[in-house]
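Each of the next two complexes has subunit A plus one more chain, namely subunit B in the first and subunit C in the second.
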Partner chain A sequence: MPSSDDSSGELTSGTRRAAAQPPRASGPPEAGPDPVHQQSQEALHEAEEAVVAGGIGARFRALLGLDSPDFSWTKVLAKQGILLAFVIAMVGFSLASDRFLSFDNFSSVLRQSSIIGIMALGVTIVVISGNLDLSVGSMLSFATILVVDLHDKIGPAPAMAVALVAALACGAINGTLVGVLRLNSLIVTLGMLSAIQGFTLIYSGGQNADITNQSDTWFAFFGRGEIAGVAVPILLFLGLAIILEWVLHGTTFGRRVFAIGSKASAAEYSGINRVKTVFFSYLISAFCVWCAAVVMGSRVMGSQNTVGKGYELLVLAAIIVGGASLLGGSGKISKTVIGVLLLGFIQNGLLLLGFSYWTQWLVTWVVIIVAVWLDVGARRGRLLSPYA
Partner chain B sequence: MDKFKSFFLEQPIWAFLIAITVFFSLFAPNFFDIQNFENILIQASTLGIIALGMTLVMINGNIDLSVGAILAFCAVVMVDAQSWPIFAQLGDWAILGAFFMAILAGMALGGLNGFLVWKTGVNAFIVTLGAMIGIRGLVFVYTQEQSLFAMNFLFSDIGMSSVPLGPLAVPTIAILFLVLVALVHLLLTRTVHGRNTFAVGGNPEAAVNAGIRVGPHMFVNYLILGGLTGLAGVTLSSQMGAATPNLGRDYELWVITGVVLGGTKLAGGYGSILRSFAGILSIAILRNGMNMMQVQAFYVYVILGGILIAVLILDKQLSSRKVRLSEQV
Partner chain C sequence: MLSQPTSKLARTVVRAVAGLLPAALVATAVAQEDEVITIGITQNNVGIDSYQTTYEQAFIEAANNNPEVEAIVLDAQGDVEKQINQMRDLIQQDVDAIIIWPTQGKAVVPVVRQAERAGIPVIVTNSQIAEEGQQFIASFSGPDNITQGIYSAEIMCDRFTEMGIEDEAVIVQIAGMPGYTTAIERAQGFEERLPEVCPNVELIETQPGDWNREKSQTVMETFLTKYDDIDGVYSGDDNMGVGALNAAKAAGRADEIIFVGATNFAVGYEAMGRGEYWGSIYQSPVEDARNALRTAVAVVKGEDVPKSNYFDTPKITQENMDQYTKPVF
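Moving on, here comes the complex of A and B:
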């Protein structure tokens, strides 16, 4: 089974279509399996085999779905729209500004996006499992304050360990409330957002924390270091992305996450431990927040106690632009990465073109709605909603 | 007695409200005082006015994350529009002109959200998440990151004014809030639109099959929410005589917390204005009472988060018990 193509996305949309079948069958008299659907499934299999056999060309054709019998450019646009938008934005900014297309600029954009990016990776897994995590922003504040404040008191390594334990504890509470008690994840993590922010303020007493000796601590490596000319935050971001991509597509856990996100009850009837899977998805999210906090603390060498405020929504925005459905069951790590980068490059490009900092939020608004609208419209087969 | 008991079991927010009122009356100095209760009503009014509209939208099965940003935009328009050249001839009446501009701005932005939810069929959470980010950007672009001050002191006088009712001088904003609670409650319980709002939230497909036009009802509710948010922006800015671009940060979270405390279901189809009112009032009393007891403001966050989750657990327990009871019968 190829690991990097769209098979999982196809699988879930296939099951979804199948789930939508019974009510529709009451309309037309023949209730057998949909021949067109079957045909396209077979074609899909052939296409998959072609991908395995062929090289880059075949992969490209499969990516765009050129061999599929019900091929249309609208579908391609909807499915790979984010990639297209990314390419257009890059080409546009490169033409408009002569400073945009340079190694330094690219690496600075990547470095700036890496904190939101690292958090977005973990939240993507939570979102695919059909839940939300709004508490990551507060968790980032908490972990960053802990790591920075304890750095001078007990040393870098113990400080990082304490922050990790704290983050994982928050994740475990989320996981218990959502997974074990089956509470609504939106409200639970909203409550946790407030509670963790409160704990952060109580811990810090409303004071900001600083690392006094900034020049000779190996802790600086995570935010300011470089390996072979590439900044460590970028390497962490991309490394985590590759690992989590493997976790989602190469392990049983990943398949369970997709199954639960597509239809939780069906997944449970087929013997998947929903509690465990949801719990671990929140732990992964908390772990990613810890990584982001270490990068943040190391880069700034200090922390405000509300440093992560509002990050949860920027993270969600990147994930949504990347095309994950908030209803669960679909989403890709690679597309989340592109979503993060798209928003990062838009911000950078607009600044280079001389727009004010806040213009990017207006553009983000439009990008979010257009991206999701195209996605939803393509699945529906028409652009406008069926509501009268 | 049984009726009494089931009332509090089904609507625990009232029991909670009474409990914290009694608690703070006993332990917080100066809490049990008519002046303080007036203060609490004023403090609750900004979140409360928004919560009225939010309840409609949430019963409808949608949500709005952009209310904080819309509130900031309307407050900025309210303060800025008073000095617009087109109102220059009006003298003090410019405030009224600015008032209409602010409400109009709120309705336009709320309506835009509603229209997008209706026409695109994109999840309301996503539409309003985008709007929240975008409108906040709009506010900063509009104000150039500066705070705005009202030059006409009459504006802040209106915000501080009170109406004599018998021996009491009740703040105008508190009266406005209570009147709006009554009006929106009537809208939800006594009109066709209110009934259809429940129907659409309960089961959109069934509502469509019953011949209800789902989209326009969603649109109208967002329009109402936008207008009410605009009004909240006006009352808030008139209390300060100013508007800052960061106004209303986190308000969406507080409002949703209050509405959920009141028992409104996120899935839609269930909720009530009076209980949302009780939920918002609980938040205001908690903040006020803890302030009176000199508890650090940080603890309010923890307690509110804890209560929100506790309410959710309680609700789950109660509803699962009801299911078990009905199975026994």
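Moving on, here comes the complex of A and C:
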């Protein structure tokens, strides 16, 4: 199945220079994701350079594919639906509540979303490689308990180091079971979800952990600090997003992730080391969870045993809304970021308007369904189809 | 239904558990054989939190201190199936009374009925069993969440009256996990009592904090954005209350807000000590355990025991907190 990058390449193919590229491979797209992907990457970059030269108008036309010979609004809706939904939600909430559109509220929502967001970045890579990671919620509980509990005992820096080692160990176990033993990732990480939660309870003996001296520790920087007026969690979230976007699209590792997610066997026949790639994707996911745990521990200055319970589903929801396919092979870090922000702003907006929690659940569900529908629509080229 | 093999299996399970808890299992009293009251207890999940751990220690201690009582202390480890087997085993042993801390309110009803049919009174401790099981139990011993909510409303109102803002104060509520009896009752007690004692205090909004401090912090941040004036926050427990306190501190508005929780936690106790958090309700696992044993003994002796035998959950505020030790949870 085509990755969304391939599609973006196709989308911008109407621009002058990119039009010189051959049409997309006519064979089954699964057959050779790597060369196609590289080509479309180049096409995308060239197209981008072209539109930068043409100014805002051309950029906008390119984004929507207005110059494309096979232009249709359905396609635009399908490709950029998530962005559109985001804009509509923002405008709607701004009109409905005079508190919504303010710097304070925006920065507070960004700060709140950053924990889920940082986790979602890592899981996006796992999902693109065709696997799942349901253990991130428990891993978050474990790493947060560790960092908070050890903070008072051995100091902030060693505590963070221990939590990092623990998180990476969990990631390595996931990576080994899914990568080396080739077990189903859903089952492995579902098992790890329980196992890590159990381990957290054994470690803590059921006690909540708290940081006693909250005002005098530099550890507060990660969850409560600011750099140039921007909260540190937001900077961490966006910084990691930029780095992982580069890892996915600028390194061979990233291309391997896409290749394995599109068709693992084909990727292996073309010499890609599947074990290594899957293993590292889980390590990245675990690293992101550790970052989220540091932010969480610092923001709350305490931790419950079950603090991350259910977060794995919020993370998955954000990724699905961002349009990544749970079957692997497609997804974008930038769209996951938008997915995270969309869900964060919807929660905030509904709270500001005084809706109850069940409304939030309902709206989240509707957003996920629409996102999946648009995603399917993008793949078959039309929103409504008599065929599945 | 396969009662013989099942109970043998159950006994094996119990013995296995007994092996794990050598000192804890049987607390033998020194009284004469014919006066000894044998009480079996099957707990929910000792070790999962410090409340339940402290409860077990306090129960064993109370049983040891009572010469009339011989206690058989079992732990279901959160497993309904295991708890049902433990109940059957206690019925087989023909104990004088069974205390159960239900792992699950509905699933244990049939085996509670079985005990009642066998003539063994059942005392439910800490968490209620389902409505349909009420007819089979002798008594419920535990905290009264509605009372806790009522007391919280009174703490809040008293404080507003002291400050002289009882006619204009507006408050928000951060409730527990939707659907949980504990969350519903704590909210209900508060919402019913507040208009009685402070009719002009307005509860402007309630949102769930899911027993989660981070979630509560997020909810409170939104409340602070939405409302320019908040005088009080009532939360389903101190854990969520401290989350709300964190948000208010970050927004520089903590000084103008009175924080009251429905159950005192160690974090809340500490925040009270720092003068940042006003009050809560003191729920002691030691008192919980002692009350359960007292209730069971009274039932066995044929004394008149109320169907709901609540233990006292006093109000704790910055003013009287020195009379209480820091909660263990």
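FYI, the second predicted complex is superposed on the first by the 318 of 388 C-alpha atoms of A that agree within 3 Å, B and C clash if a C-alpha of one lies under 4 Å from a C-alpha of the other, contacts with A are read in each partner's own complex, and residues count from 1 in each chain.
Here is the rule we use: contacts are C-beta pairs under 8 Å (C-beta built on N, C-alpha and C of every residue); 3 or more make two chains touch, one makes a residue touch a chain.
Remember, predicted model here, so these are calculated numbers, not experimental data.
Visitor: So if we stack both complexes on subunit A, do subunit B and subunit C clash, or do they fit?
Guide: clash
Visitor: Quick one: classify A:Leu362 as touching subunit B (first), subunit C (second), both or neither.
Guide: Only subunit B; A:Leu362 stays clear of subunit C.
Visitor: Please indicate which partner A:Met90 is in contact with in the superposed arrangement: first for subunit B, second for subunit C, both, or neither.
Guide: neither
Visitor: Between subunit B (first) and subunit C (second), which, if any, makes contact with A:Ala161: first, second, both or neither?
Guide: Neither: A:Ala161 stays clear of subunit B and subunit C.
Visitor: Classify the contacts of A:Gly206 with the two partner chains as first (subunit B alone), second (subunit C alone), both, or neither.
Guide: A:Gly206: touches subunit B and subunit C.
Visitor: Please determine whether it is subunit B or subunit C that touches the greater number of subunit A residues.
Guide: Touching more residues of subunit A than the other partner does is B.
Visitor: Touch check for A:Ala195: first (subunit B), second (subunit C), both, or neither?
Guide: Only subunit B is touched by A:Ala195; subunit C is not.
Visitor: Should A:Gly377 be classified as contacting the first partner (subunit B), the second (subunit C), both, or neither?
Guide: Touch status of A:Gly377: first partner only.
Visitor: Is A:Val275 contacted by the first partner subunit B, the second partner subunit C, both or neither?
Guide: Neither subunit B nor subunit C is touched by A:Val275.
Visitor: Mind checking 6-14, 60-68 or 168-176? I need the stretch of subunit C that runs into subunit B in the superposition.
Guide: The answer is stretch 6-14.
Visitor: Please report the subunit A residues shared by its interface with subunit B and its interface with subunit C.
Guide: The answer is residues 201, 206, 356-358 of subunit A.
Visitor: For a test of understanding, state which residues of subunit A touch subunit C in their complex under the given definition.
Guide: Going by the criterion above, the answer is residues 97, 99, 102, 104-105, 108, 112, 115, 201, 205-208, 210, 212, 224, 296, 299-302, 304-307, 348, 351-352, 354, 356-358.
Visitor: Residues of subunit C touching subunit A in their complex?
Guide: The contact residues of subunit C facing subunit A are 47-53, 178, 205, 207-208, 211-214, 217-219, 221-222, 225-226, 239, 242-243, 246, 250, 265-267, 270, 329.
Visitor: For a test of understanding, state which residues of subunit B touch subunit A in their complex under the given definition.
Guide: Listed in rising order, the residues of subunit B that touch subunit A are 65, 116, 118-123, 125-127, 129-138, 140-141, 145, 208, 213-216, 218, 249, 253, 256-257, 260, 266, 296, 298-309, 312-313, 316.
Visitor: Looking at the complex, which residues from subunit A come into contact with subunit B?
Guide: 177, 181-184, 186-188, 190-199, 201-202, 206, 310, 313-314, 316-317, 320, 326-327, 356-362, 364-366, 368-369, 372-373, 376-377, 380, 383-388
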